[in-house]
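Chain lettering (A, B, C and D) follows the sequence in which the chains are written, and residue indices restart at 1 in each chain.
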Amino acid sequence: MTKLNESRWWIMNQKELEQLVIKNKSYCSEGQNAHYIPALAKVNPNQLGITLYNIKTRDMLSAGESSVKFAIESISKVPALLLAIEDNGLSNVLNHINTEATGFSFNSPLNMEINHDKHPLNPFVNIGAIETTSLIQGSSPDDCYSRLLSFIKEICHDNTISLNEEIYQSEAKTGDINRSLAYYLKGNNMLSKEVEGVLEVYFKQCSLNVTTENIAMMASVLANKGIKPWDNKRLISEESATLVKSVMTTAGLYDESGEFSAHVGIPGKSGVGGGLMGVSPNQFGIGVFSPPLDKSGNSLAGVRLLKDVVTKLHLNIFD
Amino acid sequence: MTKLNESRWWIMNQKELEQLVIKNKSYCSEGQNAHYIPALAKVNPNQLGITLYNIKTRDMLSAGESSVKFAIESISKVPALLLAIEDNGLSNVLNHINTEATGFSFNSPLNMEINHDKHPLNPFVNIGAIETTSLIQGSSPDDCYSRLLSFIKEICHDNTISLNEEIYQSEAKTGDINRSLAYYLKGNNMLSKEVEGVLEVYFKQCSLNVTTENIAMMASVLANKGIKPWDNKRLISEESATLVKSVMTTAGLYDESGEFSAHVGIPGKSGVGGGLMGVSPNQFGIGVFSPPLDKSGNSLAGVRLLKDVVTKLHLNIFD
Amino acid sequence: MTKLNESRWWIMNQKELEQLVIKNKSYCSEGQNAHYIPALAKVNPNQLGITLYNIKTRDMLSAGESSVKFAIESISKVPALLLAIEDNGLSNVLNHINTEATGFSFNSPLNMEINHDKHPLNPFVNIGAIETTSLIQGSSPDDCYSRLLSFIKEICHDNTISLNEEIYQSEAKTGDINRSLAYYLKGNNMLSKEVEGVLEVYFKQCSLNVTTENIAMMASVLANKGIKPWDNKRLISEESATLVKSVMTTAGLYDESGEFSAHVGIPGKSGVGGGLMGVSPNQFGIGVFSPPLDKSGNSLAGVRLLKDVVTKLHLNIFD
Amino acid sequence: MTKLNESRWWIMNQKELEQLVIKNKSYCSEGQNAHYIPALAKVNPNQLGITLYNIKTRDMLSAGESSVKFAIESISKVPALLLAIEDNGLSNVLNHINTEATGFSFNSPLNMEINHDKHPLNPFVNIGAIETTSLIQGSSPDDCYSRLLSFIKEICHDNTISLNEEIYQSEAKTGDINRSLAYYLKGNNMLSKEVEGVLEVYFKQCSLNVTTENIAMMASVLANKGIKPWDNKRLISEESATLVKSVMTTAGLYDESGEFSAHVGIPGKSGVGGGLMGVSPNQFGIGVFSPPLDKSGNSLAGVRLLKDVVTKLHLNIFD
C-alpha cells in the first residue's frame, strides 16, 4: 500500500487529519472503557486513531493510534454477515433474519429483538448476530471459525490478524447473557446448530485483534461495491455490499443508530472495544479507534472525529 | 414546468416508466385501502401513479394516475418538520425531539415512542409528529395552519393545494388515539401549546389533497440541498434538508423503515392515503401514489414501483 | 356510634392501638407527600391515624389523626366499582373490565394496562378506574357524580362528606395523563360516554374529603358481606363485596400489591392522599391515614401500622 | 387415612362430589393437553379427578380420577419454595426473590419477569422458580434433588412418589427457554450455582408423578399452618405457610391469577400436567386433575370443578 500522495485529488492532508485527532482527543476523558471484562477495562483510554483508505487512488492516510491492536467486538458482525450471505445467498439469509431499523440498546430486553414473525429484527442486534454466525458454513465450530478468520484476513488485507486469547477467555466466561439469547433462539426453533458451538465461534469472532488500518480496508471493500480496491478482485457481491451498508445505516450503532445517521451521515458500525467503521460509498473506507465509550456503547471520541472527517470531506450520503 | 426532453441524459423514457407502472399495477389487488375513515376506504383502489422530477434538467416524467388528488396524510410530517426547523432553528427542534431509528408500527404503544429521556423518538412516529407541529410558529392554530399551508404550497410549487374537508372532518372526529398521544405529551410537560389547537393543525396538515407531481416537487427541494430547482432559490437550509433525508431513511416507513432502506435504498416517507415520497439526492424528487396498503400501512404497489425505478436508474444511495 | 367497650371480646384496647401509632409515627419522615399537585404536597406530613370498626360489636376504636380530613384519591375506585356493579350487574361490568392481578406502577405505561383482549386489566389501574366510572349511570356527569357522592356518603355512614374544591381544581388542571388514558379508551371503542364528562366525575370522586372513620365504615360494609353493620341493611350484594375484596388483594396497592398481600395479608386499597383501607372479612373495617408515601405511592407509615394491627389481631386471611 | 364418615360435620357427601365431577367433565373437551412434549400430549384428556382432605376430621373425600398419576409440573414450585425457605430462612429467600403479583403468561417475555431492582417478580414465574430451586441446599444437584424429593414425599404423605423418566427426558431436552432464563439470571449475577445443575433439579422436580390425593395432602399442610394434619407434627413454619398461600393468591395461575382469585377465591397453584392445588385455610387441602388446559395453561375442567366445590362448601376466603 502506497502512502498518500498529497498532491493528488485529496482535499485533506496528513497534517489536517492529525489536527482533527488532536482536537477530538480531549473527548477520551469524557467516556469510559467497556468494563464488563477486565481485558477491555485495562486498555489505555487515552488513545484516538484513524485510517482512511481512498478506493480510487489506493492511498491510505492515518493519524494517531492507527496501528494499535484492539478487540474488533461488534464490528465483526459485518464480516460474519457478509460470509453468511456468500455461503447461503442473500435471500436465504433474509429468510432467517430481518433487516429492520433499531434504536435499541446493546443490552436491550431480548424479546424486543424478536419480531412478531419470530425473526431477529436485524443482524446487528445481538440475537440476530448470533443467528448470523450460526449460518456460516463449516463441518465444525473450528471449521466455521477458521473460515470466518480467513475471510476477515482477506477483507482486511492482513494475514496477521489473530485471536486475542485473553479477550476470548473473558468473553466465553462472562457470556451468559449471550448464552441466554442463543438458548432463546434455540427454544424458538430459530437455531439449527448446537448453542455452545455457535457461541464458541461468536465469542472468537468478537475477540480478534485489529487496527484502524484493518477496519479501513474492510470498509473500502464495502465502499467499492464488493471489489477489493487493492487488487480489483471481487470478494463479495455488489448486492450484498449494498444491503450491508443499508443495515449499518439503520442499525449500526445500537440505540444511537438514528442519531449517528442524522449527525454523521455515513454507514457505520461500532464495537465496545472502541472501534468504529465508516463507509463512504465509492470513495473511502474508514477505521477509527478510541476505547472510552458513551452510555450507548459507542466510541465517544471516535464518533466525534468521524463526524469532523465526514464534514470536512463532504461525505454525508444524505447531502 | 416543461415536459421531459427525452433526448437528454435521462436513462428512462416515458414508455419505460409506463411499463413499470403496468407491471406493478397488479399489486393493487394485494393490499387494502386504509379503512379507519370512510373517505379513505372509498377511494378507487385500482390506481398507481408516479412522477419523477429531475433537479438538473428540470424535466418532469409521469405515468399512471399522476394528477389524481389524494390525502397527503403522514407525508405531511416532512414539510411540518422543515417549517418547524425554519421557525426555531435545527438545534432547538432537536432539543424537543430525537432522531432515533425506529422499526415501530404506525399504531405502536405510545410509551415506546418516548425515549428514556422523555423526548419523542423521532419526528415521524405520531407522538413526535404532534410535537413537531406544535413547534410551528403562529399566533393561533389558524395562523399556524395557514403558515404551514403556504409553506407546503411553495415547496410543492402548487398554489392550488387545499384541504380535503371530508378527510379533515373524519380525522378530527376519529382522532382519539392522537388525542391520547397529545395529552400524554402535555401531561409529561412536552407540549407548550393547547392540545386541541395543536391537533386542529395536525389533522388539517394530514388532510391536504396532493398529487404525485406535488410530492415529486417537494422531494426535489430535498434532493437539491434545500434549493428549489425550478427557480434556483433556497427555501430551507442545506443542513435541514440533509437531516430530514437521514430521518426518512431510518424512520420513514413505520415498521418497514429498515426493510425499505435495505431493499429500495433511498430516503422515503409514506402516508396511509397511499402516497409515497422518495428522494434521490442531487438527482430526483419522486412522488408515487397507490391507495392499497400493506399490513404496515405503506402503499403496496407504490413501494414496488419505486423499487423498480430506483433499480433501473441506479439511485440506491448505499450502492 | 358507641365507643369501644373494652371489657368485650376485643383483644386490643385504646392504649395498645395508640402505642402502635406512636411506634410507627417515625416512619412519617421516611416518605414524601404526593407532590404532583400543591394541595397534596402542603399537607402536614407528620400525621398518622387509624380507625377500626368491629362489625360484630359495632364498636369503633381510633388513635392518632383519625378525624383529620384527607383526599380519598384512589380509594374512591372501590365505591365507584361497587356502584357500577349495582347499576349494571356484576357480569356486565366484567364484560368491560377484567380482574387480573397487577404489580404495575401507578404510572405504568398505558398499553400494559390493556389486556390482549382490549379490556383494562382490572378496575384499580387508572385506565380501568376511568372505565369503571364511565359505567356509573346518570343522565349527565353532574347526575353521575351526585349519585356516586350519595353512595359514598351512605357506605361511609357520613352525610357530611364533600368535595375538596382545591384538590378537584388541581386534579382537573393537571390531569392530562388521565385524559390521555381516557382518549386511549375512547379511541379503542372502550368508552361509550364523552371523555370530558367521565373525567369530571373521575376527578371529583378522587377529590372527596374523608377521615379514617369514613374509610373504616366503608371497609366494614365489605367485611360484613355487603350489609351495613350499623343498621343491618344490605347496601351491596354479597357477590359484589366478595369480588371487590379479591381485586383489592391482587391489585389494590399498585406495584406493591403482591408484597402487601404477602406481608400484611388482608384486602387493601391505597390512595396518594395517604389513605389506606383494610378489610378483615367478617371482623373489621379499617381506615388508616398518613400522608408521606413510599416510592410506589402507598402510605409508608400507614402500611406499617396496618401490618402491626393485622399481626396483633391475627387478621391475616392467609393464616 | 380413614375414609369420610358422612355423619360428621361435612356438608358435602361422596355422591354430591361425584355429581360435581360429572357436571364438569364435559369441559374436558373444550381444552387441549399441553403439547410441547409428547409425554404430556398423549395423556388421556377425558379425565377429571378431585380429592379433598379435611384437616380437622382427617377425612379424605375423592371422586373421579383421583388415583391417576400425572406430572406435577409447576405445582412443584410450591414445595420447592417451602424447602428453600426451610433451608435459608424466609428473609434470606426474600432477599433473592420478590413476592409481587403477576398477571403474566407462563411464557411471558423474560424481562418482564425481572423487577427494576433485578429480582425475579415472584417465585411462581419461571425465572423466579429457577432461582428458588437454586436456593435449595445440597452438596450436588443430585443431593439437592434427593432432598427435595424427600421433602415432597413427606409433605404429600406418600413415600412412593417418583420421577416420570419420560417426562424428565423430554423436559430436559426441550428446555431451552428455561435454559435461556437460567443464563439470563446467571448473566445478571442472580444465580450462584451452575446453570445445568440447577436446571437438572428443576426439570426433575417438574417431572414427578403425583395424584390428586398427594396434592390434597400437600395443600392440607398449608391449610393447617404448616403442621401435618395426619400426625400433628410441624413440617414448615406458620410464617412460611402463610406467605406461600398469599403468593399463590396473587400469582398462582399465570395470567389468570387475578381472575382465579376473583371467581374461585382460594389460594391455588396450577401445573401444565393438568394438576391444580387449592388451599382452604384451616379447613381443607384440595387436589384436582384434568389434563386439557385453557389458553393460559390452567386445567379447564379442573378450575370449574374447584369453583363449584368452593361455592358449595363456602370456602371463598374473601367472603
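As a working rule, a contact is a pair of C-beta atoms (placed from the backbone, for glycine too) under 8 Å apart; a residue touches a chain by one contact, two chains touch by 3 or more.
Here is each chain with its UniProt name: A, B, C, D = Glutaminase.
Predicted model, so just to flag it, every value in this text is computed and none were measured.
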Checklist line | chain D (Glutaminase) reached from chain B (Glutaminase) - shortest hop count over touching chains | finding: 2
Item checked: Self-contact between copies chain A (Glutaminase) and chain D (Glutaminase), residue sets same or different by half -> same
Notebook entry, point to check: Between chain A (Glutaminase) and chain D (Glutaminase), what's the gap in Å when you average each chain's C-alpha atoms?
Noted result: 49
Item checked: Centre-to-centre distance between chain C (Glutaminase) and chain A (Glutaminase) (centres being mean Cα positions), rounded to whole Å -> 56
Margin query: Rounded to a whole Å, what is the gap between the Cα centroids of chain C (Glutaminase) and chain D (Glutaminase)?
Written below: 32
Next item on the list: Return the residues of chain D (Glutaminase) touching two or more other chains; collapse runs of consecutive numbers into ranges.
Entry: none
Next item on the list: Would you mind writing out the residues of chain A (Glutaminase) in touch with chain D (Glutaminase) in their complex?
Entry: 109-111, 174-184, 186-188, 195
Next item on the list: Over in the complex, which chain B (Glutaminase) residues touch chain A (Glutaminase)? Could you list them?
Entry: 98-103, 121-122, 225, 238, 242-243, 245-247, 249-251, 255-259, 261-263, 265, 267, 281, 316-319
